[in-house]
Amino acid sequence: MRHDAFLHGVVMRVAVVGASGYTGAELVRLCVGHPRLELAAVCAERSAGSLIEQVFPHLAGRLSMELEAFDADRIAARAETVLCALPHGQSARVVAELVARGRRVLDLSADFRLRDPAAYAEWYGPEAHPYPELLAEAVYGLPELHRAELAGARLVAVPGCYPTAAILAAAPLLRAGLLATGSLIVDGKSGVSGAGRGLALASHFAEVGEGVRPYKVAGGHRHTPEMEQELGRAAGRAQRVSFTPQVVPMSRGILASVYGEPRDPSVTSDELRAALDAFYRDEPFVTVVENGLPDTSHVRGTNRAHVAVHLDKRAGRVLALAAIDNLGKGAAGQAIQCLNLACGWSETEGLGGVAAFP
Amino acid sequence: MRHDAFLHGVVMRVAVVGASGYTGAELVRLCVGHPRLELAAVCAERSAGSLIEQVFPHLAGRLSMELEAFDADRIAARAETVLCALPHGQSARVVAELVARGRRVLDLSADFRLRDPAAYAEWYGPEAHPYPELLAEAVYGLPELHRAELAGARLVAVPGCYPTAAILAAAPLLRAGLLATGSLIVDGKSGVSGAGRGLALASHFAEVGEGVRPYKVAGGHRHTPEMEQELGRAAGRAQRVSFTPQVVPMSRGILASVYGEPRDPSVTSDELRAALDAFYRDEPFVTVVENGLPDTSHVRGTNRAHVAVHLDKRAGRVLALAAIDNLGKGAAGQAIQCLNLACGWSETEGLGGVAAFP
Amino acid sequence: MRHDAFLHGVVMRVAVVGASGYTGAELVRLCVGHPRLELAAVCAERSAGSLIEQVFPHLAGRLSMELEAFDADRIAARAETVLCALPHGQSARVVAELVARGRRVLDLSADFRLRDPAAYAEWYGPEAHPYPELLAEAVYGLPELHRAELAGARLVAVPGCYPTAAILAAAPLLRAGLLATGSLIVDGKSGVSGAGRGLALASHFAEVGEGVRPYKVAGGHRHTPEMEQELGRAAGRAQRVSFTPQVVPMSRGILASVYGEPRDPSVTSDELRAALDAFYRDEPFVTVVENGLPDTSHVRGTNRAHVAVHLDKRAGRVLALAAIDNLGKGAAGQAIQCLNLACGWSETEGLGGVAAFP
Amino acid sequence: MRHDAFLHGVVMRVAVVGASGYTGAELVRLCVGHPRLELAAVCAERSAGSLIEQVFPHLAGRLSMELEAFDADRIAARAETVLCALPHGQSARVVAELVARGRRVLDLSADFRLRDPAAYAEWYGPEAHPYPELLAEAVYGLPELHRAELAGARLVAVPGCYPTAAILAAAPLLRAGLLATGSLIVDGKSGVSGAGRGLALASHFAEVGEGVRPYKVAGGHRHTPEMEQELGRAAGRAQRVSFTPQVVPMSRGILASVYGEPRDPSVTSDELRAALDAFYRDEPFVTVVENGLPDTSHVRGTNRAHVAVHLDKRAGRVLALAAIDNLGKGAAGQAIQCLNLACGWSETEGLGGVAAFP
């Protein structure tokens, strides 16, 4: 792969910070398979000094690199671009140090996703955002909505997993003016990997392996303002979202079921469907599924989204659906898609994989 | 167990019709463990002649009976009460034959759930209901709403699994007049056993074992009118329900997430919670869970329901939640609960089991 | 249930020590459902002061008791019998204190399972066994092999989960002199609950939820000497066991595949099968399965074992199989079975449940 | 990708026959991602006329082709190489027709795996092999053992999934003369996809989703002679294998636990490990895992194998372990690896993917 890439004249050195988590592992996997990227460094504070294949044995035989503690000078010296998968709160400083050294950063935390500093303080505070000037510069990395802004972007805030699914399902309908309400319901179902690699009873197999349960309901989940921001931008007016996250016993995947009301009660299923079709016609990673029933198994391990929309005429409701892989289009895959756009490369570079179904 | 029961003077002979399906198996399990029931016959058309422990090896060593084809005269001669777990459409005739022979029937199909014959024709038709006079007599077997009617009932229509969960979550709020809208959203998540033992790609492990997906959305699922009927009765006015069923990779369990709007925008979480508490205070099988987060794992294998309610103040939404076992409180357990009530026995007889968690 | 039990003149007060683990929860579940037991105390060091239904929400509505720190005097004053589910090493002292106070103890740890103090020191040492005199008194609580000794027993060492499965599969063949070798292979597959409720990457859903893997192989697992002890007693001579434990993505269940060689190469399948049949003919909890293929799903949540034996004529091997629930017959169920025997009650009291299949 | 491939001067047109099964789907996935392959036709008898993305919705947006009934002339006209994933028995004729038309065939069925026609008749008969002359020509497609023969091969019999795992684990030890016995035990654990997409109770989620069970034990599984053939070739003398397949609740993966005895009782763990290390030192797809505990999750979706060996000194046993993906290295991945070798391409072409862990 190095061979082809050099042939084409472009290989970029990248670092992954936060490489010992699941999102980090997925970033590493995608970097290894990307024809224009060379993995220059992998950082993980607590595992520094270990080999990455000891921390993630699935890499054995494919990649051997020493994990190191993050140091802005050292990393900036070795990598042109940094993929940062640290927890929110920890990420902002690392991002700021790298941007200050002229490096492009794709930040997978929530630290730069909310454009309004007040919203940040409300949901992640009470402290104010530490780098409001960077906030102003950050691009919300959902290419289907912000492709133009991503070209050449220096700082990309890669969206959260649930927001990606919910926005992909509903934004085209809002933009087309088909939904009446300023208030949407998002019922999300996520695989357990969404909770990360940190040990917790909520990720303990015997607790969650054969049941389903909600958590952080009724305004308790921090992905809510992100959905409201982007769905509001799509609609051209403020949107309220009531979000219910739920964990289902699978490793990967998010299904978002978004409920709204038709603006025009006489709207037809076909008109709703046409809005999705039009919006996604040329999108390389989003498919409006034929049978209207997206399935997380069908996008597992990929950067793809399967979406659909239904009209429940009797009840006067619109149901928009999206299935993604929370670690793919919901995190690492989307980061690479943004990176491709920021660099002016083909958007699908390194992301062409078909889901390994079943 | 026979000993104690005879001591108390009551043992009733029962038959299970449709004993080769999952609901049938759960009925058999509960009958075996019930101190006042004696299993007199097990019927299954296609497996007639086989031993039940060949069809269900988990019964080996506990029960050995020959499955037989249903014959109304023979069954009526041997059983005082019949638990009927046939598919809708097939059930009505069997029920009618048994009732005509003076037998009590608990019908777990949908054939007698909809009180309005027009609703039956709309959802299950186009034919009219074959036994409208029986429809008039049938009691909707949700004891928490219809306990009084169940005393002495001759024909009980045991509710569907999704409706049981959705109604238990929302009916107390509607009855207390706390919800504004005549239109509710029910987002349901079910284990795969809900689709039965019949072979289908939609129940094939490799297709569904590690993903989540919707089916029969936007008015396509026949549990919709059942929810509308009972939630309407609780509210005292018509209710529209938009219902989205989804399959998650587990054998048993249903989580219903019901979305409504508060009638009074100034309602508090405590007031909503108080309505649930008041409604379920003396219920033996329903618990309003302390942390507000029902989990299907916590009711697995039982006739119990865990419910909760939340107010999403920001978004102006009420979220009511219920977790049940689709084969327990959602089918066989509830049938036995109804049987206990119809016979004037203690409601919890034979249903005292604690969930085998984890 | 209290009513019937008092009627029969026997209710025994029991305490569960180690009630915050999975085995503890299963003991509590079985005590609640047992007609002759009254739960007098539940102990758990770190959760002392909490209500048990907060620690285990599946108990909500069924049981409310405060967890307390263990104190030998207090517990001995309130309970006649103690079910002790502490980790090995921690259990021995608690057991000794209770026995010294005249209480019957069913110890689910490994502390009193190995009759030979030298074996204890080798596998659990280096320290010597702290209470060798109790070791001499302890009965290995596998009723199918040691029923007579259990009558009136004061201290029962409840077997480990893997040993229960392996011994039930192979002991009848060894006792009948049908196996040649002094060396057996036990290939065990366990559900994740076997690793307990303590947080560990090896029980983290995303790590283990969709794969299978070995651990502590080749003599590394402490259940090895227990199998050797009991299989040796059954054979009448020393047995070596090579044991390979493996974790599969399910909550409950153990399948043991035991490999040996026929003593007489001309032995037939029927003769092997006959030995199992004869051994288990009158056993209330063990079934020799008709099709020869035990399935953990068929015994889930019960105290039952499904066993089978096969002759691989071509390869000159005997394969003995057993499926149990690791928390049922492999732990808490077996403890109650032993308790029933120790008290002179019907062996099946409180253990009559049928598996909740599927 | 077409661009690069044409740049390098090689694009080969391939057809997948049996494209509506899971192995077929995996072949299609790998062809789509392979820089030197162009998918010219996809055949599936019963789905002929459907679009492949209707049969396999995970392909939607990535591939749209019409499935067609197989016709030797038409396929031979359009494809230079054919990947045949038909059931055994059905495959032989198709293979013969294609070979007769000068096409290279990679046959994933069992029809050409057994070199000895008598073995074929014994295990797949009673009829004799229909094409004994082709049998003589077929190469057993396990590159780690038969790389040289694969160069230029016209007919490759791609190994079965269990044999691949068992052979990779044990063959190096046999070839090095480290195992004493002519009799090995293979205890295999497979994901449910191994049973294919055909509907059966044994693949029905609720039956198998939360338990583990054996099937076709004690010489009943047709992968036995394949293991014996190849392990015998590696050992230089006949080997008997007693094989126990077991199904675990996961979609993909096989773990093989192979038990033998050391030839020299004084052999050390290090010597055993050294034999594996030496054998696999330069293998691109096989890793001897550092911690000795292969995990199917770590190779999922790839053509990789993780292997290990342990000495159980006490019991005098050697345990060799291998984890693969049954659809990857156990089927489609291996077929592509063989194809690369047959064509003289780089062996890893199109197979470079890292496992999508978790």
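Letters are used for the chains, namely A, B, C and D, taken in the order the chains are written, and counting of residues starts over at 1 for each.
In this section, a residue touches a chain if its C-beta (ideal position, glycine included) is under 8 Å from a C-beta of that chain, and two chains touch if they have at least 3 such contacts.
None of these values were measured; they are calculated from a predicted model.
Q: If I rank B-D and A-D by number of C-beta contact pairs, which comes first?
A: By the number of C-beta pairs in contact, the winner is A-D.
Q: Determine, using the mean of C-alpha atoms as each chain's centre, which chain is farthest from chain C.
A: If we average the C-alpha coordinates per chain, A ends up farthest from chain C.
Q: When the centre of a chain is set as the mean of its C-alpha atoms, what distance in Å lies between chain B and chain D?
A: 46
Q: How many angstrom between the C-alpha centroids of chain D and chain C?
A: 39
Q: How far is the middle of chain A from the middle of chain D, if each middle is the mean of its Cα atoms, in Å?
A: Their C-alpha centroids are separated by 35 Å.
Q: I need the residues of chain D touching at least two other chains; which ones are they?
A: 22, 193, 206-210, 249-251, 295, 297-298, 300, 358
Q: Under the definition above, what is the set of chain D residues touching chain A in their complex?
A: It is residues 1, 4, 22, 25-26, 28-29, 32-33, 53-54, 56-63, 193, 210, 251-252, 285-287, 289-291, 295, 297-301, 304, 306, 327, 352-358 of chain D that touch chain A.
Q: Flag every residue of chain D that touches chain C in the complex, lowest number first.
A: 183, 185, 187, 189, 206-215, 217-219, 224, 240-242, 244, 246, 248-251, 253, 255, 257, 259, 292-298, 300, 310-317, 319, 321, 323, 358
Q: Give every residue of chain A touching chain C within the complex, in rising order.
A: Residue positions touching the partner: 22, 191-193, 197, 199-201, 203-206, 208-210, 249-251.
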